[in-house]
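Here come two complexes built around subunit A, the first alongside subunit B, the second alongside subunit C.
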Partner chain A sequence: MTSRHVVLAAALLSVPALLLASLALGDQTVSRADLESLVDGSATEQIRMIVLDLRLPRALMALTAGMALGIAGAIAQAVMRNPLAEPGILGINAGAALAGGLVIVGLKGAGATLLPVAGFAGATLMAAAVFALSWRNGTSSLRIVLIGIALGSLAGAGSSFLIAFSDVADVQRLMIWLSGSVYAASWETLRLLAGWLVVPVALAGLAFRQLDLMRFGDDIAASLGQRVNLGRAFLILLCTAISGATVAACGLIGFIGLIAPHVARKMVGAGHARMIPASALVGGLLVMAADLIGRTVIAPAQLPAGIVTALIGAPFLGYLLWGRRHAAQ
Partner chain B sequence: MPLNDNEAGSGLRLDKLSLGYGSRMIVEELDLKIPPQAFTVLLGRNGSGKSTVLRACAGLLKPKAGTVLLDGKPLARFTARESARRIAILPQGPVAPEGLTVSDLVRQGRYPHRSLFSRWSRADEEAVNEALELTGMADLREQPLENLSGGQRQRAWIAMSLAQQTEILLLDEPTTFLDLAHQAEVMSLITALVKSRRKTVVAVLHDVNQAARHADHIVMFKAGKLVQQGPPNIIMTREHVRRVFDIDPDIIHDPKTNAKFILS
Partner chain C sequence: MTERHADPLRALGLAILLCVCILVAALAIGAGTSRLSLMTICEAIFAFDGSRDHLVVTMLRLPRVLAGAMAGAALAVAGAVMQAATGNPLASPGLLGINAGGAFAVVAAMALQMTGSMSDGNGLIWYAFGGAAIAGFAVHALGSLGPGGPTSLKLVLAGAVIGTFLTSLTAAILIFDQATLDAVRLWTVGSLSGRTMGQVVAVAPYIVTGLAAALLLRRQFTTLSLGSDISGALGQSTLLWRTISVVIVVLLAGSAVALAGPVGFVGLVMPHIARLTVGADYRWIVPYSAIGGALLLVIADMIGRGLFANQDFPVGVTMALIGAPFFLWLARYRLRSS
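Let's turn to the complex of A and B:
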């Protein structure tokens, strides 16, 4: 029990530590004296710009996006009753990518500013389609997973088709957005994303008992008085609102929704009252770290955070499968 | 039917109930009254519809036609939470999510008694403790479910249903994965719940002798039809058993309990 507390405390302390590191490290190192000069107001214009206008909103954006993806992942795993589920299974990523592609190719130059809107619309439409198509006198977790995968592949094929027949410059813009990055973060986008997330994240926090029960399967949940289909629809809506907005703001930062809930479960146990905040914490740390690594490791070139998380995520997925190779069921 | 007519309105009653999955009908036009505060066992071969009937009694399966009545009111008119405070069901071979302890599981039984913002109450805690005591799981409450034997896990699930504190308890093959000693424990637990707690228990069992020995009321199904019902000593006849199970049994008397014993 105490070792859990130590891990939790370390994770909590890592937030300010990573935040400071994100402010200090980069193309141009900002010294401790420079950071202190920001506090007492004697900083130079250049330091102010680098730290306050560029690095701080970017680090906070990474933190916010990671927290959102961690929560969305915890919801997805409970609703789909599958430890390998993540929001992407609802078709959110594929839908966002396809809509983004359509906008960039269809609208030529004007597309870039519309990308986030299109991404969110695509994600939402796709999740709605997955839910609607899996409805047959009610939904089931398994049908949602299967139809999500099928529709996701279909949308993926659509994206590939668009990419094959589009202008190279358009495709490059699309790919940069898709690879998931917080490089374009500004106070404005951060405010928009955070403002949008407040309500669904608060509702997800309140729904911990519903989430706890949903994992037991439809029969047990219904026999204990849960309105299974209504609850599932509501939680999928929350998951879509949270991860769709994050995809719109930052593109596809993969694997966080998968990894964060697992690490959180190890830290605080399986109950969602603690698991939801812990998933947010782990997700936020992971994306902040991924962005910091991505922009320092091969500086001055930058790796998008989404590529770094994939580099961590793929082996982690292998580790999960390896650990479960003897698991019953 | 040798039932008390004064109680016709109380407890569970099935009225011309037809059940099925998709276009496949399993049970047609079943009329059945579950005797209140007694132990009823549903018997029949695999696929005879007994589990389907049990699921319908808990509202887990919508009838194709007919009604399930609880105290004379259609079950469909109760909210999910209301009916979960009156009827608990333990399905066959339930699977728990990973990483739960026994007490995590049993505490889930309190779900229908709690509202969105209510905190864990003393009544909740007492219900959980009592359920753990009754099932003999109190010492194992902090154990992860994965570490338990099949019998212990089954008792943990029964404890969850007991924590729900319903007057009606439906059990689908509660003894299937248990060794003989644990089977006997579950049977005496059920008998105690009926005798001292005045609960109505309905169970699907495969062991006819367990049914003959412990049940107050037996309902025999064959291919979705009710064949016979009544107290075990009256309806456990060679002819009925032959018709329901397609075997040719000998029946003797258990000298200890005077219950009938079927040799197949």
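Let's turn to the complex of A and C:
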């Protein structure tokens, strides 16, 4: 148990540490004295702009998006009862990718401002279609999974078509957007995302009992008094709202929703009261670290956070799954 | 329908499906810019005389249709084996990192200019096969190591992790290298254009071996699919049979990726279609998947060539456009509420 506490404490302490590093590191390194000058108000205009207007919203955006995706992933795995489930299973990623691709290819450069709207619309439309087609005298986890595969493949075929036949510069732009990044973070987009997320995230935190029951399977959950279909619909709605908003703000950061819940389960066990906050913590840390690495390691070029997330997240999860001595499964 | 009546019915269905598949393959060889009769095709294969029509059959159409049929059968059977070995309906050959490994090897070779171009297909298929095989065995090793032994959770997680890792590396290369992106993008969505008889013959032994092994061992896959508790109680060694499954999947899906590019749909969906049609018995799922997968890929390629009049139309796209609505219907109306 103590090793668990150590890991948890380390994770919690990493948040402010990473935040400070994100503020200090970059094309222009900001010294400790400069950071302190921000606090007492004597900072120069340039430092103020770099730290407060560029780096701080970007780091906070990465943190917020990562936390949201961690929570959405935890919900998806409980609802589908499948360790490979992630919000993408609801067709969210495929729908957003197709909508984003259509906007990029159809409107060329003019579409940049429309991308968030298109991403959100594509994600929610797909999730709604998956759920609607799965409904037949109620739903079942397996049917949602299979319908999600079918509709996801259809939308994926559309995206593949765009990738194969559009102008190669557009395809490259699409790939960057699909990789998921926080380049475009500003206080305004951060406020929008955070404002949108408050209610669904709070509800997800309150729904931990429903999620615990759901894991046991429909029959047991129903006999323990859960209204299974209603609960599932509600949780899918939450998951869609959370990950759809994140897709709109940052594009597709795919790995977090799958991996953060597994890491969290290793850290605090399977009960959702503790697992959901832990999953949010892991997701936030991963995306923040990924963005920091992506914009410093090969500077002045930048790697999208979504790509680096997988590059650092994969070894991290490998360590947790294979390096530690308790076989929880 | 009782079990005793069900088996002859399933065998009949399989025979009909096989006949349909052969018929469609013949149609696919005949269809195209120059239409060829069944007679011409037979003569070209059995009494080759070097005429233009015969050359079209042996040099262009036949390799393409054979490549499609073999890749489709291989991917579908590999998917069925994966779903049996992991007990997860989301499992597909791609989950062993096969597609990601093949794509990464090809893209890396192109970016480092180790292979001339995409038209240098012979070098390419070995990069794809090698990348797929290495990724597959790495996933298996990672999924079997560590405390607790080889659980399916660890296998699928290892697959997801390594797959995403390699996909991200590939994306990182493509984002900065527009020339490589332009050269490989058609291949990455799955394409049968430009396959030669030499490539088909080079890959065929692996696919035939894999298919034969999967068909011979299909009874064991049924046991494996019951989960490690039950299969262990029935005397089956989980580690041994999962290793055998991985070898079969790497042989099949690795060759398919080499032939047709990293196409995802057929390996994931065809086993489900077979299961929804003939029930959860792998003795039937494996052969139905094989023929169904071949049929789907050949039809998809024929439609891509015919309807869109484009030799390069990616078969991955047409396949999903044809297969997904059918699968949607099956999942909605045939899936019994459990």
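In this section, the second predicted complex is superposed on the first by the 295 of 329 C-alpha atoms of A that agree within 3 Å, B and C clash if a C-alpha of one lies under 4 Å from a C-alpha of the other, contacts with A are read in each partner's own complex, and residues count from 1 in each chain.
Here is the rule we go by: contacts are C-beta pairs under 8 Å (C-beta built on N, C-alpha and C of every residue); 3 or more make two chains touch, one makes a residue touch a chain.
Keep in mind the model is a prediction, meaning the values are calculated, not measured.
Novice: Figure out whether A:304 sits in contact with subunit B (first) or subunit C (second), or with both, or with neither.
Specialist: Only subunit C is touched by A:304; subunit B is not.
Novice: After superposing on the shared chain, does subunit C or subunit B touch more subunit A residues?
Specialist: More residues of subunit A are touched by C.
Novice: For A:175, using the defined touch cut-off, is the partner it touches subunit B, subunit C, both, or neither? Pick first, second, both or neither.
Specialist: Second partner only.
Novice: Looking at A:151, would you say it contacts subunit B, subunit C, both, or neither? Reply first, second, both or neither.
Specialist: second
Novice: Is A:212 in contact with subunit B, with subunit C, with both, or with neither (first, second, both, neither)?
Specialist: Once the two structures are laid over each other on A, A:212 reaches subunit B alone.
Novice: If you stack the two complexes on chain A, which partner ends up touching A:269: first (subunit B), second (subunit C), both, or neither?
Specialist: The first partner, subunit B, only.
Novice: Tell me which partner A:222 touches in the superposition: subunit B (first), subunit C (second), both or neither.
Specialist: After superposition on chain A, A:222 lies in contact with subunit B alone.
Novice: Is A:83 touching anything from subunit B or subunit C once the two structures are fitted on A? First, second, both or neither.
Specialist: A:83 contacts both subunit B and subunit C.
Novice: Which subunit A residues are contacted by subunit C in one complex and by subunit B in the other?
Specialist: Correct list for subunit A: 83, 327, 329.
Novice: For the complex, give me every residue of subunit C touching subunit A.
Specialist: 88-91, 95, 142, 145-148, 151, 153-154, 156-158, 160-162, 164-165, 167-169, 171-172, 174-176, 178, 181-182, 185-186, 188-190, 264-265, 268-269, 272, 312, 314, 316-321, 323-325, 327-328, 331-333, 335, 337-338
Novice: Would you tell me which residues of subunit A are touching subunit B in their complex?
Specialist: Where subunit A meets subunit B, its residues are 81, 83, 206, 209, 212-213, 215-217, 219-220, 222-227, 265, 269-271, 327, 329.
Novice: Which residues of subunit A touch subunit C in the complex?
Specialist: Checking each residue of subunit A against subunit C gives 82-85, 89, 133-134, 136-138, 140, 142-143, 145-147, 149-151, 153-154, 156-158, 160-161, 163-164, 168-169, 171-172, 175-176, 179, 254-255, 258-259, 262, 301, 303-304, 306-311, 313-314, 317-318, 321-327, 329.
Novice: Which residues of subunit B touch subunit A once you look at their complex with the stated criterion?
Specialist: Result: residues 55, 58-60, 79-85, 87-89, 91, 94-100, 104, 108-109, 111-112, 114, 116, 164 of subunit B touch subunit A.
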